[in-house]
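There are two complexes below, and they share chain A, which is joined by chain B in the first and by chain C in the second.
After this line comes the complex of A and B, so read on.
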């Protein structure tokens, strides 16, 4: 029945057209729509404060508090303490960092065996870095070996760390990454996260996840429309839509 | 060379500095003790052994007194004292953190009341340290029990919970979690309005406050449906909403505690939280929490077990959510923390406890190999859990009959665990073997060859009643439907005297299993009945005595079935049973048979009826005499009352009546015939005499 086939073909063509032709939104249209979105100033300020607090920029947070009147959701003094701990680990003063954490809240290391082990491991690494072989061995035996007995995965990590002692050139050995500065940063961020958690605070600032959501939403939208996209996140410039 | 500073850190040296009269030296020593023991169990123990706890507690006591003495005097002095208070409280708190020996030492040193005094200190840091230390103590079972029923205690608790300081309010919650046990205490806490406060902490408290109130809510709800229904009552807009919301919390520990709290509510009030949505949500969250590398992941499988235990619907849902695959996956990873290892095995045990579909999944994934590996690990708890898991999986009749479990891989390590130093492992291993030895006629020799049978007999004489009872259980299953040769070897190993003494064991569970073993031993061919008559019928006498005196239905059931099997033998055997049922010196009391027939336990009634059936079986010549005895004891009329008993099979009763009828009828017939024969003889004699007379 020819008329029937004609109808079907027409329908299919319309469908195809709809699928291929994306909606185009011009810059003016887009900006007009953006202008209609209202975001409260206080919310923006809170977002900034959250970033400063979580990342530990205490002076900036203090200034921002005075200028914008935004109250941080945490005692700013604790940020100073937290940053001092973080910095101590980053500089390799692990023992100092442990004492500071314990002053801040003795529960953190008492209830977090993994973090405690990693700090002790970092201490061992620093002893090896400073060439204190005998002290390192004694420390590994007295402080770390009992932790290895309690936990198999600790034992494996301990073995890897002690292996450092077997090499002449530690930075070029199979376990050399332990000596790297990134290991310190890893441990430091672990302590930082644990302190934040103990203060009922998120481990990560909200701003990065907001940006992630922006990118995700743009990717979703790309399938349906052409619009002024933000590619340069740091300047948030709108690109002209490519038709 | 070890440096001098390391020596300076030695515990003994530190301890002597604690005793210094210089406040500065003392403070530094305190701080160092604290820093050495935090997170370090071995250090805690070595300081404990050196007597550090009484030393620190002494410093705390002295300084707490000093605070009062020099109140408002000298700010500097007080500052120093406060530092000492903070450090000593923190050290004591760390001794008590997750370490029962430490808690005991802190309590023994009399530090508890002094820590309480710190809560009313004007310095926030001192209050904080004191509350934290007390919270650590209240996380242990050794903490002094808090009496909620005293008015002033309840007021103090409310003041703690209302505190702005999160350690103080957390302490309040920990006290509830620790000490709230009875329904009276739960009710008192509810009446005092504590739940409202805990609920508000759930909704807007800090992380630790949320966690603490979830735990204490669970302890107030536990097994108290009245409190739960009031808390989730109609006057609340969204019942349990605050707890359900926390299932989505970003902290794994909070999610776990919310799950645990809801599981308690579910098991307390079976009408709450029954929709499929919440069930599968709980399952999914708990499975996901297994991935947590820390303590939460260790505890998650235990919570999962408590959710699905005994609940087929949840086990089915969990199977659909691939729970067995996930648990298997974690087990495969190896090098597990013992607590997590144990939890995963127990979760698998609960998954496989009821549904054959779960067991097939378990076997198809070859999880069995990993579980048998766990039988030989260091931790006793893990070995126990592995046995419990095996026990659960070996309930699969299909695979048992296929002989899937009776191989060296399973049997040999299990038998080795019979001699495990830990009683709980022994008991669990016996439990598992009890299932494994059931119903496999061809492979039983493996068990005998590896010495399993002899060991079971030895364990039947263990000092631990649980071991005795489980060993008998395993033997019972071992001789179930076994051939006579095997039974003979078991019996000669056991001996009549041991068996009869086990029947009279002080522990009822042992008595029950011993009687059940006799029941299975005697079951089957007539030769096995002869076991009962070894050593002048020692065993039979023991059964009779036990039946006379017992008040427990379980023991009655097994004893009656044992006698029932004996009564299936020949005339001599039946009479011997009668002798036990109706001893010569009958006192005025009615026969225990009547009590059994009137028992609430349908199994006991059935067992007794079957024994009577075997005794009065119409093919045996002595049946009539026994029937008369039974009638005289009032048992026949008791059975007549049981025609409408819904639990005892009507066919059995009808069959028995036919037996009775036949016996009476034939006896009547025989009497008739004998009268007729007598008359005939008389007539013949008369006829003869007449004939003689005629002659």
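After this line comes the complex of A and C, so read on.
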């Protein structure tokens, strides 16, 4: 074999060996790469605006538009309406919330039987919370039972909720979690998401997904290389690679 | 403590000795330089992030490297016919595409239509390497893959196939694709997926789309995407992305992390009004959000001089550069004392731009001669001086190739520079990178770098991460092309033929104005 080919073969072998062992990237090299990344200010502004808008910080979004010149990707007026609905559910005024959703767009509840059921369920919970036992029973029989017949999971939920009536101290009973504030928040965020979807806007802000993607990307890269990671997202500190 | 390294022109500065130098002038100088590059980001000559991912996709068949004699490639280089009578296994008519399948993307896919299954229907579709032996079916040789029509078998690397999908014959459309995210090949028949198969790790290097015919009159037409595919690739791609997204969404985050990052972003850039509204609103949410302590957000450093930073940003965003400079002189004289610093330079450029914006051309010329001329032929500064000067050459500068200077984002760069400089005067600021980048930006940089590194570890296969693309997937391109089409044709001409000659031209104009004192800038417009 001519010497030239021997050298080539050796090079190939070295390359193969390198491919199997984990690559080590020093802090210095990595920082150089980080500096080479181009992130546009406008894009970060958009990301922040998207967060404010989706999470319903309407005044902050308005201020941010003025201070940064970033245009929101949705009509800010619609945020106010959406937040009013959300707030109504969070405060337990479910009837009010249902009315507001229907004012906004009657199709939202028509096309989301599950959402409608959860709102009605929340309404039942609030009646029980306020000690209106008779009203609660009547409401459950007239409004919720017919829906339970249509759908097995609705029926189970209904039974669970009505069970609240069987306990004197509802907060300490097996289904007590329904009385918890978190149940309101869950229903509120479900309505919020449905309204956003009806406005052809994504129901979740982009920022959390990108943060999750960062965790995923770092985990993936761990298999291939040792490099400076960011373990604490809240202060974005680059940790030295452990070799 | 880390010192900031810039790939800049500033050679006498370098790294500070033992990393504790606090000499403000050298540190500040370094920091400001970072923004010079940003200031030119909008320019047509600045590198764009999209470019690197553009790879040439196969468009036609390679007529040179094909098994001549057995097959005939039509003049459109997209149809193949076996024209002789096959005698044994070594007279396969194989032909590769003219280019390998592009790798820096999620998927690659191509299709064939079987016009005629000929005598035996021994047609194959697959992928092979450049060194592949012509006259062999794809899949028979090492490092090649093929889905064969006569038995519906998949062949990978040797002459013995395995049951895979249905057979295919005259009138069928068959496709072959690579999914870089899942590291799989996939094959389709008449628009539906037949099956997938793992790519073998050992396969390195470019893979060529390949078709083979092996008996009299077998004829296939290849579609590299010029015509609509029978298979709904868009839908498949959407599903693959969704699958990926679902995996990612399962990852859990610390509570209120997004909230905290947005808040620190507002603090970092001095968006004080937004911050106040944001804080007010989050107090009234149910439940109220408390973050600072539980998540360890360290805000001490960025609350620094918040109101002054906000004021200066407002002034600069309103184009009131003189007022901003005078406020800086009062509040932070150390930032503006060095006349040749990048910060002063950017402020002067912006002042010049504001004069052009309101049509005060003569004043602009005077100002430029006084404040900008000293930066001419200074590395790092020169490009921006040239672009500023070129503004004078156009009747409608906002429509010219240097029109980016008149955009809002340009004011923002200057405001960001001043903001960073003020942050750097904070005696408690431990990390100078912290003046340049918000936590949010650091995370986004880390994300981009990780994705790029992972791709290069995967033989450059798959997509990179671009924040810009995530946020502006379609609209971004539309806007770009519409700006471009508004540029006067002669600019496009110069761009096409010689970018440099165009810049030389405007630079000459500029020099003329600066040094020879041509007061009538209108004269230049006529030339």
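The rule is simple: the second predicted complex is superposed on the first by the 222 of 243 C-alpha atoms of A that agree within 3 Å, B and C clash if a C-alpha of one lies under 4 Å from a C-alpha of the other, contacts with A are read in each partner's own complex, and residues count from 1 in each chain.
FYI, a contact is a pair of C-beta atoms (placed from the backbone, for glycine too) under 8 Å apart; a residue touches a chain by one contact, two chains touch by 3 or more.
Every value quoted in this text rests on a predicted model; they were computed, and no experiment measured them.
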Chain B versus chain C as contact partner of A:110, first or second or both or neither: first
Touched partner set for A:176, first chain B, second chain C, both or neither: neither
Partner chain in contact with A:23 - chain B first, chain C second, else both or neither: second
Touched partner set for A:146, first chain B, second chain C, both or neither: first
Which partner, chain B or chain C, touches more chain A residues: C
On chain A, the residue positions that both chain B and chain C contact, one per complex: none
Residue numbers on chain A that touch chain B, as the complex places them: 98-99, 102, 106-107, 109-114, 116, 134-135, 138, 143, 146, 150-153, 156, 197-198, 200, 202
Complex contacts: residues of chain B adjacent to chain A: 1-3, 6, 31, 34-35, 38-42, 90, 93-94, 97-98, 132, 136, 206-208, 250-251, 293-295, 335-337
Residue ranges of chain C in contact with chain A within the complex: 2, 5-7, 38, 41, 49, 245, 247-249, 251, 253-254, 257-262, 265-266, 269, 271-278, 280-282, 286-287, 295-298, 310, 313-314, 317, 408-409, 412-413, 416, 438-454, 457-458, 465, 467-468, 470-472
Contacting residues of chain A [partner chain C, same complex]: 23, 25, 30-35, 37-44, 46-48, 50-52, 55, 57, 59-60, 62-64, 66-69, 87, 90-91, 181, 184-185, 205-218, 220-221, 224-225, 227, 230, 232-236, 238
